[in-house]
Every structure is written in structure tokens, then in C-alpha cells.
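As written, the chain order gives the labels A, B, C and D, with residue 1 at the start of each chain.
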């Protein structure tokens, strides 16, 4: 009998799966639960020409946009919620150095459902009159084969790689969704089910027995997962529901720094290029600050 | 302040919502958790020309077919699982008195998803070479607007009325799915979400407080529900997971009776036309037999 | 008078006046959808007044109305809140008692079937036919300001039965002749124009600001001044839009009744979590 | 010898021979899907042998293989069973410990993406190009026997990577020149024929019976006799099909090794729940 294969790797292993030019989907929602440890490592590694395909994006795209890693973003939203517009994303768009392809929010979800179902398009009948149609040339008109109604074909998300941050996973790649969760967390699941290369960073790697005790919550089974990385506080400064709150002070510092390109450069020099890796980043933020964010919930 | 409206009614109220010719979707799966109390009342009321649109059907369709209530069945399966082929359905098809429109199982699910999403068709790319295409003229070929690939447009289920049997609901129409359930139960939910007239029979009507304690399990919210009927043992002789097992002895009696049309007539005379209503049916089956089927599980 | 006193004889605030008028416009049995907007006036207009209005309607004439908060919580127990949730992904929202929770998409509300009867949204620009813009100011390819994106606006303005566009500030730059990007579609060419675009459902009903309520002549597809809030004037309105039309008259926005104010202050929002402490 | 003794030196049963040959054909990392067929030989061929074979493969060369039972239970702890589940909706299945449970559709396994590497199915008729029929015997519009319907056969034979067609009885009426209804598509016109039908994936790999294993010349699209089980003869096979071709020779189905038999009897199925007590 041979042992079951471990899919455990490092954040560097994750980034090695995401070469320049990758079409990348990043888990999380707005400024919540993004796999920030991987995002920072992408910047350290100097990745270029990435396309981010998303649903509701936030600081993860803003950071990559500011660092010059992006060629294109396809999404319904890039913003920082209560912290306002995404300053670096905004600057890149206004300067014309970044392309954005706009979708409505529901269609941005549906595009990942199309990928999950291997559909070459998702049908839609309600975009008439919007400037989504004016500017998004990837969406094509067609006629319903049964009713003759005018419709639009929306392209699937089809990411090359999906990277998400989870609360818990096992070494084989089984990923747990917490029992008590909100809607955004389920979008990570849809993303992961529609891609052949799925990277999961997790707050904790749990035992096989723990997985079996939570079998009803294993929403991403092992065979869907390519790589599992243990990354405690891996979403910082974003929150992870049931584990820690958002680091509002860090966000405020980020916003203030991002008022200018120079200020942003000083921010990434300090928080991205300064620390050699994720653990060094956490040490820089400091245990006192991190633990002050703690939330308690069961799986 | 006015009181919130109660949607509680009777099985007769349910059947009044299902006139002759209704396009009807019936919850449950194979020989599991069908709203049999309503099915029997449809026969008592002498309903004609019903079309059943389903996914995986069983004794509920067989009973309606035998009683002459059906004009058409659109589904992927009609059978009695471990009890074999559906004898009355089979007889009706072989005699040419009932039309069946065949779909594959996944597409039979997708048709209800199309109804949930108000899509006028569901796209499919894998039916080539099957006799589903030969005989089902409701499915039409078309070309993918983005890739040029040959595809087929599958019509939505679009039932006029959905009737399902649930473990628990409140008087406003909030319906609970048990925490621990299997795949077939979720299909009832998809059905209910894609129809404007939804009838729910429930083992028990629970309080508003009970609903709030199980909010994460309320998969059909009140505004989707038209009528709620308390119908204990409402799926008999089918099982209801966590409440009672299938009545195998009753199924055996049904199968034996259904060997001939005359035998089947004697069965429905005894079990459908004999008892005036659902409570009389339960009395006929007998409390001893019913309670012998009891299973225990929490919500 | 202390911060906490809420006598029904106190004059109603603008927020209370708007809330009561919204509440009266909801029908029994409807499903109303509001996002979770955070921060100051945006939160008040985008989330708190809609929630208070739906709660008030439930307490008055619409006991069967369903409140959908953040597309997730069905009929939340708002009176149990000590503070508004901070975001669509925080523990306050997760822990808020309610009747049903939508933990996956697609879920309980079938948005494309038209389950939602009315919704609330906002934008940086609204124009004279009711189009709403959340994407950019200036040219799309080289914008003066890039905003957040279309988000759920296309759905709000077509899949929902009707839309209340909630504008927390009434400034000239927000009320334009033609938006720079149509995120959500109003009535270009009137109802006939919408039909030509394939839109058979929904559209903006009111545009609500701190000064007034606009509605639409849906036949011709033109914004109208429906009513002016107590304390605002016609010139206040006309000076603060660029619709290319001038409003000549309008009624005063109807005031709450004593019963409505009492319910709002003492039943719907006893802690002032929604509309603030008076 | 008592009912319960299972010496590895006992001669292997046909079920054990088939199980071991199936197990050898699975690759590490694959995902295998089996339904929950009930009743006698149908259950043995449709569910129990597939489960035993996947478990054996996991214990031998394929520790990363995923067993999908009834499309619901991922890697069930089969050794914990005292009895096989009775149906796809009973408490034994619900309570069976496993790694992940698919409680809604679509769910964990993305069937249309090709997540399933192989599956097991059956039919009343299989024909010379590997088409399978579960719908009717005789004319579709006026059938001699109406069967259950297409069920998941179209998906099994195109969306899964390959299919093992498990036939519990080897009778002439089940192995026909041309099925009366194509529920699942074989190789009409070979691989080229499948491609012309738009099928770029999947298809039948083996047809397994109590007497033999068939496979396919996929290029020309013709069924072949791959091997004959110990105890059966070439004439047994040729007399019991109506394929319109006669098989001239075939090897004997390879026998289990002592290690395989030991694992199967003492590790995979120690209580005889799957393959029965010897």
C-alpha cells in the first residue's frame, strides 16, 4: 500500500504556478478574505501582464494594479467599500495603463458557473441599453433558439488558475466552508469548481479525521485542488469571518500612502518588498496588532 | 398593525390549484418523499390531462398514470427502484395512451434551473448520437454564438404548479430543509424556486420562532410559497428521510395489485377512493403499520 | 431636550419624512431588496432609510412584506441590532436573527424570475431619463474619475420590479442631462424605448434626495419633480441639476402622521440604530 | 469450511476476478463514480464490485483515487458498513462517514467539466458499437417493453472519461446488433464518428459480464472480446450475443494475485458486505 499524496506546498510554490500572463481568479470579495499572502508574493516575484477575472474585487486588485502586475481586469466592481474608491486601480485606469472589462455583478458570478459547467457561453436577456454592451466586446448578441428573443452570450470566466484563502483544509486538498457563513464565501467555491489549477491557502491545515467530522462542509473536494499552503493570517489586512476582523488601521495607512504613486511605492517597499516572506510580513505587522483582530467562531 | 397572512390550507385547497391540464411538477425522487396525499386527492378529484414535468419519477407518476390522470410525462426516469419497472406507467406507454418525452437526468435538473433563472432555454453540448434527440422534438439545435460549436437548446421545465412534501414549514410558507440531507431533497428546492404557484405539504407546521432558529436551513422562503398544508405521513408509502422509512409491505401490495389493470383498480378503490381524505387513508393503513416505520433525526 | 428623547410631537426629520413616504409606497406581500452601504449619508440613504421604511410598512399596512438585507438576510430582526453591520461579510450580519439566509448563489431569491419587487440603489450620476452611472466620470477609455464598476445596477434596473434611486447628496454634478456611462437603464424613449431594448420589466420609480423626490413620466421617459421636502425650495432644486429642464411647481412631500412617527420612533427604530438618535 | 472463512488460498470467485481486473485498470488520482443499484446481481455488478475495485485500487497502486458513491459520498468509509445502503435517499447512506457530501446540484463534482474519470452503468441492451439502451424494447412509439428512461446514461457515456458497462446477466437478448434506443452513445463510426456527433470525450471502455470482458476497437468502433473468465468458454460467449460477429479467440481474464485476494478479502471487504460471504 502506498500513502496518499500530500499537496502541501509553500507560497513560493503557489506563485510558481502563476507565470506572467496568467488569467487569474482571486478568491474573496471586495475587501474580504483575499489570499493576500499570495498576492504580496506575486509582487515580490515581479509578475507581469496578469489578467484578473473576478466578481467583486478590492484591495487585492488595487495592490496588484499599483505594483504594475496587471494587464487587464474583468469584473463588476473594484473598490474598497467603506474606505472608498480603489486609489491605485483608479490611477492606472485614468492613466490608461490598465484595461478594465466591465460586467454586471450577477453575470460576473454566472461566468464562473459557465466555467464550472464547461459552457462556452452564459445566456442573458437583460443587458439592453447598458453601456456594458457598448464597451464590452466579448459579449455577443444572439437569438434564443426556442423563442426567437434577442439575447446576449456572455463568455465564461475560464481562469487558468484560481487562488483562494480558506479557514481550513487538509493536506490532500479537501477544503472546509464554515457552517455559518455569508454569501461571498460561496463564490470562492464556485470559482474553485471551474478551474483545473486551484491553489488554496488556509489558516490551518487540519487532520483527515477533522475533515471527516465536517464532511458536509467540504465544498471543495481534494481532487479539485492542486496545491495547499498553510498561511495563518493569510488574508491580512482583510478579515476572515470567524477568525479575525479587518485591520482598519492598516487599511487607513494603505489609503493614506496610496494618495500618490510615490506614497504607494513606499508602502510596498515597506510591507511587500521589505519582508522576505509571509512570516516576515506578519512579524512586521506585529503579533500585538494581529491578535487584537481575533474573532471566535466554530468551524 | 395587521397580522401577517397565514397560507395554511387543506389538501382539497391544494388540488383546487391544480385544474385539469395543469403542467405539474411533483417533488420527491424515484420512490422517495413524494407528496402522496396530494397525488391521491388528485385521483379522487378525477383530474385529467395533467402533464408531469419531472427529474426522476416513481410511484407518484405510476399511480397517476394508472388512474388515467395523465396526458404526458417529461422526465429522465419513471421506475420503482428496487421494486422494478413502474407497472401502470409501463402499461399506459405500451398501450399508447400516455406520451413520454425523454430527457437525460442532468438536463432534467437543468430544465428546472432554467425556470429558476427565467431562461428561455438551457444550453447543452453532449446529446449528439443519443435517441433523446431523435424523439424529443422540444430540443432544438443551435450554434454557440461565441465558439461556433454545435449545441442544443433544452426547453425550461416551466411548471404551472409545483407541489412538494417537506419535513417542516411555518404558516407563512417558510420551508425547512433538514441539516443532514441527501442530494434528491435539494431538487425539490430548485423546483420550488422556479414556479409562481408552489404548494408545500409538511409533516409538521412549526412556529415562527422555530423557523428563526433554523434560518440557515430555510431554503424556500415564505414569498415563494402559495399554500401550506399540514400532512403528517404525507409521503406514505414513500419514505421521508429522518421521519419514516418506506412502507415496503405496502409497495409489495401495490406491485402485486398492479400486475393487471383490474388489480390496480381494486388497489385504488381500496386505498384512494375508499378513504374520504388523507386522515381516513392513514386510519386505513393503520397506526401500527405507520409507527413501525418511524425514523429519528433532528431537523 | 436630551439626545434620546423621541416625542411624537417633535417635528419629523427629513430622513423620517422620506422613510414614511417610502413605506407608504410599498404593497403588502412585496419583496424589497437593499444592499449594505457603509459610511454616513450613503449608508443612511442606501440602507438605513430603506430598512426603516420596509419595517414601518410591515408594521402598518404590509405585514407580509419581505425585507431582504444585503441579498442574504430575509426579514432580519432589526430591533435586535445595537449597531449596523459594517459590511456584507461581517459577523454582525452573520449573527443577525432572521427567517432565511442565502448562503449560496443562486439561492432563495430568484433574481432573474423577478422575485424582487423593489430595490434601492445609488450612483454618482443620474440623468433626465433615469439612467444611473457607477462606472466613470468623463470618457470611458480615459476617464476623469474611474468609479467602482457596474456592480448590480444592470440587475437593479431591469430584474427588480421597480427601483428607488437613493441619492445622499443633491449636487448639480450628480444630476446630469446624460450620464457618462449607463450602468442601470432608465426610460430612454419611454416605456416603448425600454421595450425596444428588450426590457419588459422594472426601471426607476423614484429618485430620492435630501431636497426632493423625483419620479418619471414613463410614457415619454422624462424625469419629473414629484415633491419637495419641507424646508427646501423649487429654486434649490432647479439650481442643483443639469437635466436640461426646469421644474415650475411641485407639491410638498407629505408629512408623517402621528401614528407613523410613533411606530417609526418607538417600534421600528427604538434605539436609533437606523435613523440616528434625535 | 464455515461461511465466514476467507483463506487467500480459496479459489477466487468470478466477482473477485472481475473486481481485481477493474482495480488494475484505474489510475492513481482518478475519480470514479458509481450509482447505488439495489437488488441481487444488479447491485453486485452496478455498485458492489465497482466499490470493491476502487477500494482495492486505493489500497494497491492508487491511494489518491476518489470514490464517488451515488454521486453524493466522497471516499465513503465502506468498511464501516454492516449492510449496503438500500437507496440513494436512505439513512444508511446519509450516515456513512466520508470526506465530502454533495447536498445540492451543481455541487462538488463538475460533471460537465469532466471531473469524473470513469463510471459504471448498465442497460437492458448493449450493441456492437457500444451503445446502451435503458428506454424501451421494440419500437419507441409502441414499445414491447417500456423501461425506465435515459437517466444518467447520456452523461455517463460522454461526460465521464470512460465507462465500464456492467451487465449482471449474459443473455442473448441483452447483446444485440443495434439497440432499440440509444441512451448512451458508443462508437458509431469509431472515434471519428463520435467526433462528428460532437463528442470529444468519454465512451465505453469495457463491457463486463459474468462470462467475459468486452472492449472496443475504438478506431473502427467495434466491440471485441477482451477476455473470458475462468470457467466460461468461447462458445458460451458466441452463443449468447447477437452482435453479428463471431469471436475466434480470447485470453483468459487474468487471475488475482495472492496479495490482491488477501487485500480484497481482509482489508477492503472484511465483513463480506460488498462481494458477499464466501
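As a convention for this text, a contact is a pair of C-beta atoms (placed from the backbone, for glycine too) under 8 Å apart; a residue touches a chain by one contact, two chains touch by 3 or more.
In this text, all values refer to a predicted model and were calculated from it rather than measured experimentally.
Q: Tell me, which chains sit next to both chain B and chain D?
A: Common neighbours, chain B/chain D: A.
Q: Sort out for me whether A-C or B-C is joined by the greater number of C-beta contact pairs.
A: A-C
Q: Just give me the whole-number Å value for how far the CA centre of chain A lies from that of chain D.
A: Centre separation, chain A to chain D: 40 Å.
Q: Could you tell me the distance, in whole angstrom, between the mean C-alpha positions of chain A and chain C?
A: 30
Q: Quick check: what residues of chain B touch more than one other chain, meaning two or more?
A: 118-119, 125, 149, 180, 216
Q: Which positions in chain D touch two or more other chains at once?
A: 103-104, 112 - these are the residues of chain D that touch more than one other chain.
Q: Quick check: in the complex, which residue numbers of chain B touch chain C?
A: Residue list for chain B touching chain C: 1-5, 113, 115-119, 172, 174, 193-194, 211-212, 215-216, 218-224.
Q: Provide the residue numbers of chain A that touch chain B in the complex, in ascending order.
A: 118-121, 123, 125, 140-142, 144-147, 149, 151, 153, 155, 179-180, 216
Q: Which residues, counting only chain A, touch chain C once they are in their complex?
A: Listed in rising order, the residues are 29-33, 56, 75-79, 81-82, 85-86, 89-90, 93-94, 96, 100, 102-107, 109, 125-132, 134-135, 149-150, 180-187, 189-190, 239, 241-242, 245, 295, 297.
Q: For the complex, which residues does chain D have touching chain B?
A: 38-39, 70-72, 86-91, 93-94, 102-105, 107, 111-112, 135, 140-155, 158-159, 181-185, 188, 194, 197-199
Q: With touch defined as at the start, can you tell me which chain C residues reach chain B in the complex?
A: Contacts found on chain C: 29, 31, 59-61, 63-64, 66, 74, 77, 97-101, 103, 106, 108-110, 112-115, 263.
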